[in-house]
Structures are given as C-alpha cells and as structure tokens.
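There are structures below to look over.
In the two complexes below, subunit A is the common chain; its partner is subunit B in one and subunit C in the other.
Moving on, here comes the complex of A and B:
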C-alpha cells in the first residue's frame, strides 16, 4: 500500500471516529441551531453560563458523579490490589476458576445482574442512595483493577521483600518501602481506569439510584429528552473531560493492550 | 512468581464482594424470575415470557445487533490495525486519536450518533446543503429504524478502536518474523497476512469479539436512545417490565434479565473455556 493511500485511509478513519463529537460540541456553543443550518447561526457561550448558573442541576451532578467515581475507585483499589497480588504472584488450585469468576462481571451485561442486585439492596436499605450506587459500581470496576494489578505483580520481583525482611524490616515497613514504590505506577493506572469506568456507568446507576442519584450520563439523556440540546451539549463536553486527561497521562506509558483494557463499557 | 501457595486471604475480600454483588444479583434474579419472595414458586413468568412473540422478536433484534456490530467491528478493527502498524507521517497522532473513543462514555457517543445520523442531523444537513435532499424526510431513516442501523453504527464506532488496539498489541508482540518468513518462501503480502498473521491473531480476536458481542447484546443506554419503539432490544424490554407499575410484571423482567445473562454465559464459555489449549 502506498504511503499516500495509507495517510488518506488514516484520515478517513480518524474523521469517522471524531464525527459524532462534532454536533455535541457545536450544540454546546449554539443557540437555536436547526435544520437546514450546517453550522449554528448564533454562536454563544450562553449554554455554559446557564449550565453553571445557580439553579442548574449540572454542578451537583458533576459533584455527585466525581464523588461516586472517586469512592468506587478507592474501594476497588483497596479490594483489588491484594487480589491482584495473589493472582500475579501465586499458582494455586482453582486459580483458573477464580480468574473466570472475576472476569465474568466484565462480560455479563449490567442489566442482567442489576435487577437482582436491586432486590439485595432493597433488603439492605441501599437503594436510591449514593452509597448503594458506589457499591454497585464495584461490579464493573473491581475486575478491571484486579486484572491491571495482577499484570503489575506478574512483573514484580518479590525477592526484594525477602531481602528487606532478612535485613530486619517489619512487615508494614516492607509494604511501605519495598512493595508500594514498585507498584505505584500500576496503582495510578488502575485507579484512573476504575474512575473512568464508574464515571461512564448508566444502567447500574439508574437501577440502584432509582433516579434519585443523578449522575452526568443520566442528566445528559434527561436534558436531550427535554429538548435542551444546548445543555446536553455542555454535559457531553464535561463528560469527555476525565477520559481525555487520563488518555494524556497514560497513553505514553501503556501499550495498546493496556489502554484497550481500560476502555469504558 | 513466588510459586505455589495459598493466597486465599488476599483474594477473600474481592471474591466476597463479587460473590455477594454479582453472584447474589444473579441468584436473586433467578429466584425472582420464579416468583419466589411473593409466596411460593412458579414457572408462570418463564412460560409467559417464552410464549410471547414480542420477546422472541426482541431477542432476534438484539442478536442481529450483536452479530452485525461484532462482525463489522472485527473487520474494520483488523483493517485499522493493519493500517496503523506501519510507520507513516503523523502515525503517533493517529494512534493517539484512535484511542480517544475508548474513554468516551457510551451515553455520550450514542447522543452524538443520534445528532449525526438522524433525519435532521448533521449529515442530513450536509446533504441538504449539497442539494441532495429537499428536507429531513428526504434523508433515509438511519436512527430509530427497522434495521437498527444507528445502534450498530454506534457500537462499530466505539469498538473499532478496542479491537484495533488489542490486535496492534498482539502484532507488536508477534513481530514481523512470521510474515517475513512466509514472504521469503514466496507468499504474496496478502497470502502472508491471511495464512500466517490472521491465524496467529485469531485467539485474541475471538476473545475481544466475545466482549464486544456480549456488550452490544446486553447494553441498555444505546438501544433506548437509538432504537425504534417496537420491537425494542431485549435489555430495553426487560427494563420496561421492571419499571411497569403492575408489580406482576417483575418476575417477567427477572426472567428476561436471566435470558440475557444466559446468552452471555454461553458466550464466555465458548470464547474463554478453551484458552489453555
């Protein structure tokens, strides 16, 4: 294939991938942009002013989504780092089964488990609440953290821990001064991915939050459904933020495989 | 690798949480589909669901969406990976832009596709500007349409980079040697790709394809926005039953959820069971 054709096909591919973002971005700076106008007649930052005006729901949805994603990522890390260490460093009976059990939640669709989890949480009084939504977000986030961390631990030299112990280090000192510095970059990547996966959730949030816990994706559909395309455009742009930041942070460190695992779903 | 051991203590918290949430969710869903918790057990919901034409039409639609999305994503993803693996000017930027879609929430992408492809959307306006159509009605229905074109377009748009990056990573670890060997033995570039590279990539492609299939089969936020009102995709139908004011529809919603879980379980088994071979 000639280099020129390669560049042309590359441009077509990238254009197709960017295309759906175009109307979203344009609506966030347009007023009354209707058929058959190709570009908005009136360009304005009014939608952004409205989005952050006192009576807008957007600031609180932004805060709720961020809080839930931070909490879900922190919990997933707390549970997932030890599990990743176990899978990365040890061989044991039933390991394949454990890996399958931890992989299944990534593949089984949210609605298939969400309706049943709603039943569990109803009995525990966790429906319609932020803590309930944080907990249910562990279903998609925890597997990601475990798989990123088990990859990190597979390349980790556990001999250094034995050496530190033989030199008299106590277990906590080993953890803090030997293990943590070695796996810190992996923790950052796993945490960012977990944040992003939680940030993008829709049906699990709706099922457990019952519409009371309003996150950005839920508000996005609500505004678009109410014909407030300008506000939906702002919400779409805000929703892209963390993903772009994370991409800029980790794209250089990671191979394609790592980034693909971190994709939202 | 430390070696053999019993690291169950480190696994217990994560396994416990997954067992309670995921396992408990499935178990309660199954129990709910048999009407347990409302006095006695019965298969009424399953009989009602499985004898309803609408359910089968929804199942057929969801399978069509998943098959078409997976096939197109794999095909275009493979093409994109083959395109991006060789060096060319601007390759670094192209690879970075290629990854952006992975980070975009499905809800945002679906709304973007709606505003891009609907009859008064961006492409329709460009067509009107070019004099190809007179008004919105002249533009073909690509969203909320019979063939679920908008839904499939969304999944392909979102999953091509996922498939492409997995394949790129595998191509990198394979290196150029297998193909060069085939070329030096007289194979054409296409034959080397089809007979040597493709079989080597197949295990990764099948696993990535299974993930795409399961997601495009079971996601809710995409068909609810881009799908027509009847028949709806199976997850949308399950949600309609779940939110039905008539609580008698709950067991049917659970049965539909179990049906979705069953299809994805069959898929996991097919794609991942033989991975040690």
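Moving on, here comes the complex of A and C:
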C-alpha cells in the first residue's frame, strides 16, 4: 500500500469515528439549531452552566460513575489477575470450558444477566446500592481483564520467579519485585478497559441500581429521551472524556514501549 | 562453604512413565566443583532443582553440611541456582539485577552498591551496570547471572548448563572464568551439563547420571577410559564391545588373547576400548582385521573393520587412516592401557 493511500485511509477512518460525535459536541454549545442550518445560529455555554449548576444531577452522577468505575476496575483486576495467571500459565483439565464460561457474559445479553442477578441481589439486599452496582459491573469487566491478563501471562516466564526465590526472595517479594513489574503494562491496559466498560454501563446499572444509583449513562439516556439535546450533548462530551484520555495513555503503552506487554524475556 | 549430600532421592513427575530421580545419592565435598553429566532428560536438572528447593522429592534427603534442608523453602537455603537461560529480570538494569538478592535481604544501600560493583568487576563487566539485559550479548548475560549469584556469597552454587546458550569461542572463555571464580571463592559448586568435554574441564570430579541415578563418579579421565558399565561406555562414545572372559591379566575372546592393564576386573565380561585409542601397526595385542568401511568425519576418519564376525571401529587421523581401503586386511594394535573390562555384561 502506498504511503499516500495509507494516509488517506487513515483520515477516512478518523472522520468516520469523529463525525457522529460532532453534532453532539455542537448541541452542547448551540442555542436554537434547526433543520436547514448546517451550523447553529447562535453559540452559547448555557448548557454547560446548567449542567454544573447547584441543583443539577450531573456533578454527583459524575462522581458516582467515577467511583463505581474505579471500584469495579480494581475489583476486576484483583480477581482477574490470578484467573488470567491460571489460564495463561497452566494447562489443566476442562480449561477450554472454564475459558468459555468466563467469556460467556460478553456473549449473553446484559439484560438477561441483569435480571437473573437482580433476583439474587434482592435477597442479599444489594439492589439499589452502589456496592451492588459495582459487583454487577464485574459481569462485563471481568472477562476483559481475564482475557488481557491470560494473554500477558501466556508470554510470561514463571521461571523468573523460581530464579528470584533461589536468589533469596520470599513469595511476597517475588510478587512485588518480579511478577508485578513484568505484567504492569498488561495491568494498565486491562484496568483501563475495565474502567471504560464500567463507565459506559447502562442496562446493568439500571436493573441493579433501580434508578437510585444515578450514573452518567442513565442521565444521558434520560435527557436524550426527553429531547434535551443540549444536556444530552454535554453528557455525551463528559462521557467521552475518560475514553479519550485512556486511548491516549494506552496508545502510548501499546506503541511507544511495544515490548513492554509480553513480559520478561 | 557447604558440603552437599543427596541421600536416596526419588522423584516421579506426575504422569511420567519413568522416574526423574531414581535412588539418587551423591556427595559434593566442601569447596569441590562437581560436574553432573548426563544426556537430556536424565534428571540432572531436576536434581539441581531439588537441591535448590524448587521441587520437593517424593522421598530421600538433601543435606547441607549434614543437616537436612528438606523443610526449607528455596529462599532460605544456602544454595543459589543459576538458570540455563540466565533469567535476568528484564525490567531492571544490570546493577539492579546483580543487587537483587542483597536487596531482598534488605542490606544497606551503600553495602549493596559496593558489593554489586565488586561482583561486576569479578566477571569483567565493571562498566555495564547501567545497561538493560536486552542490550547485552549472550555471554555478558550469562556473566551477569553468575555475578548475581556470587554477590550473595552462597554456600553452594548450582549452575544449570551455564554454557549451553553460548557460541563455541565464548564457551571456552566462560569455562575458564567459571573455573577461576570457583577456585578463588572456594564455593562448593554443582554444575549440570550434557557436554562431556565441559564436564571434564569444569569438574574436579564428574558424576555421570543416566536414567535418574548416578552410574559412575570420578575424575573425567576415569569415566572416559575406565567405564563402570556398558551405559557409561556408550555415553562416552564407546562403540567397541568384545565379549569374552578376563583372567590373570589377559582377556580371551574372538580376537585371541589380549593383555589387559593392571587391576582390570576379572571374570566373564565385555572388553571395551575407545575408537580413537586404536593404532595401526605391530606390537602387543596386534590383530588382523578386514576393513569394511571408511568414513571421513573431519579431523578424524572412522574406520570399521571386521574379524571373525566381530566389528571394531577406530577413529584415526588422516595419516594413519590412509592405508585403510575397504576389502583389504589391516593390522591394528589395541594398546594394553586403553583396554578395559566391563564385568558381567
């Protein structure tokens, strides 16, 4: 492929990705924007002022969403790193079945999973609460973490740990000084993915949170449904923020230190 | 410095047909360098890992200075294992790698820096402390791995095929370095190798391990020239085995009566001699054979000859091999000192 064609294709791709977002961005700074007009007639920051006004739900939703996403990502990492290690390093009977079961939540519709879990959580008193939402967010986040980490561990040489032990490192020291640094890039990628997946959850948050736990996606759907294009625009821009930041971070991880993922060899 | 005793070790890997260690017993003296020699899959690396504490044996005991260490985890054993691949930590520079063990012991920073510098000096890498492992050559990596073990001043150094990943010319250099460092530090060393030459050069003694147990232990030349059994002889490239009976310093066989060296075992057995020990010409133990085949093998030529249904192989240099033409008779001398009897075979 010629360099010129490649650049052209790249531009087309970028345009295709950005184009749908443009109207949203414009909505958040437009006053009166009607059909024949290509650009809004008047510009304003009124929607943004409204969004962060004292009585607005948006700031607290922003905080809740961030908190839930952080907690869900942390929990998914805590569970997904050991699971990924087991799947990446060892061969055992029924491994394919375990892998399938772990990835099933990605395939099964969220609403089905959510309704099933709702019954259980109801009995446990976890519905309508932030902890309940964090836990249910593990359903979509954990498979991503396990998937990324098992890939990282498949390239990880556990002999390095045996070497460290022989050099006098205790098991926790091995974990901290040998394993974690070797898989750190993978942890970053997996954690960011988990954060993003949790950040944009709608169905599971709604079913388990019962409308009491208000996150950005919930507000976004509500405002879009109510025809408040200006508020929907603001919410869409806010929702986009972490994604862009994370994309920038991960892109550096993936390209700048390409070797970093994949371990110690 | 530590005296290592392995006592009747048994180990079978799960699902394996044959045991990896089969009644393995071995003693490495204080300050000695013992080469554990064997073909791949003979259990020698497993033995090393058992000593390091990375694998627990099914039965048997590992003793350091007479004290059993079976209950100690690897990090609390006096032994440090240097892995075949070097196993440098990729996320640390060379100095951090060498200082790893000392950091794990929480030594003062200044002491670590001093000992790391000394350690790198010992392996002639004094100025490479800031390099990353992937910036090093194979030989340098191996030297860093060695320094990383030596800075800990272990009682026992375990080397797993330390030269196998190196080019031929680096191997000689590294071999000399290991030998020198072992002499200087006096650390009891167990080195595992599949290379006979390496074992002979590195080891004060060589232990030949086959099928999970030690077949023979002694000086390199002894194993080479005075094998204890058929497997040992075969491992060292022995290919001439002549059945017969040894008595009174002579061996009766299809070739006639051959004079044996002093202290050769008596009784029915198998006469063996190394192919390169055979000489052309007349003298004691001279026999006539018919040449069957000659094969050029570089430095040496392998000549197969036959008499009375018995085949002998000889490895000779170009000059001596020139006279051998397939189909012709040839006179070979089997030097008395090169003969050995494997009893009961």
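By our rule, the second predicted complex is superposed on the first by the 234 of 265 C-alpha atoms of A that agree within 3 Å, B and C clash if a C-alpha of one lies under 4 Å from a C-alpha of the other, contacts with A are read in each partner's own complex, and residues count from 1 in each chain.
Methods note: a residue touches a chain if its C-beta (ideal position, glycine included) is under 8 Å from a C-beta of that chain, and two chains touch if they have at least 3 such contacts.
Here the structure is a predicted model, which is why all the values come from computation and not from measurement.
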When subunit B and subunit C are modelled together on subunit A, clash or fit: fit
Partner chain in contact with A:139 - subunit B first, subunit C second, else both or neither: first
First, second, both or neither for A:114, with subunit B first and subunit C second: first
Which superposed partner A:224 touches (first subunit B, second subunit C, both, neither): first
Which of subunit B and subunit C A:244 touches, first, second, both or neither: first
Partner chain in contact with A:200 - subunit B first, subunit C second, else both or neither: first
Touched partner set for A:10, first subunit B, second subunit C, both or neither: first
Larger contact residue set on subunit A - subunit B or subunit C: B
Which superposed partner A:160 touches (first subunit B, second subunit C, both, neither): second
Smallest separation of CA atoms, subunit C relative to subunit B, angstrom: 9
Shared subunit A surface residues [contacts with subunit B and with subunit C]: 263-265
Touching residues on subunit A, where the partner in the complex is subunit C: 157, 159-160, 162-170, 173, 177-178, 181-182, 263-265
Of all residues in subunit A, those that touch subunit B in their complex: 3, 6-7, 9-10, 13-14, 16-24, 27, 34-38, 78-80, 82-83, 85-87, 89-92, 96, 98, 100-117, 119-120, 135-136, 138-139, 142-143, 146, 154, 158, 196, 199-200, 202-203, 207, 216-217, 220-221, 224, 229, 232, 236, 239-240, 242-244, 246-247, 251, 255-257, 259-260, 262-265
Residue numbers on subunit C that touch subunit A, as the complex places them: 49, 52-54, 73-75, 77, 79-81, 83, 85, 87, 89-91, 100-101, 103-105, 148-149, 152, 158
Subunit B residues touching subunit A - in the complex, by the definition given at the top: 1-8, 10-11, 13-15, 17-22, 24-30, 32, 37, 80, 83-84, 86, 88-91, 94-109, 111-116, 120-122, 124-126, 128-129, 135-136, 157, 160-162, 164-166, 168-170, 172, 208, 210-211, 214-215, 217-221, 225, 235, 238-239, 242, 253-254, 257-258, 260-261, 264-265, 267-268, 272, 276
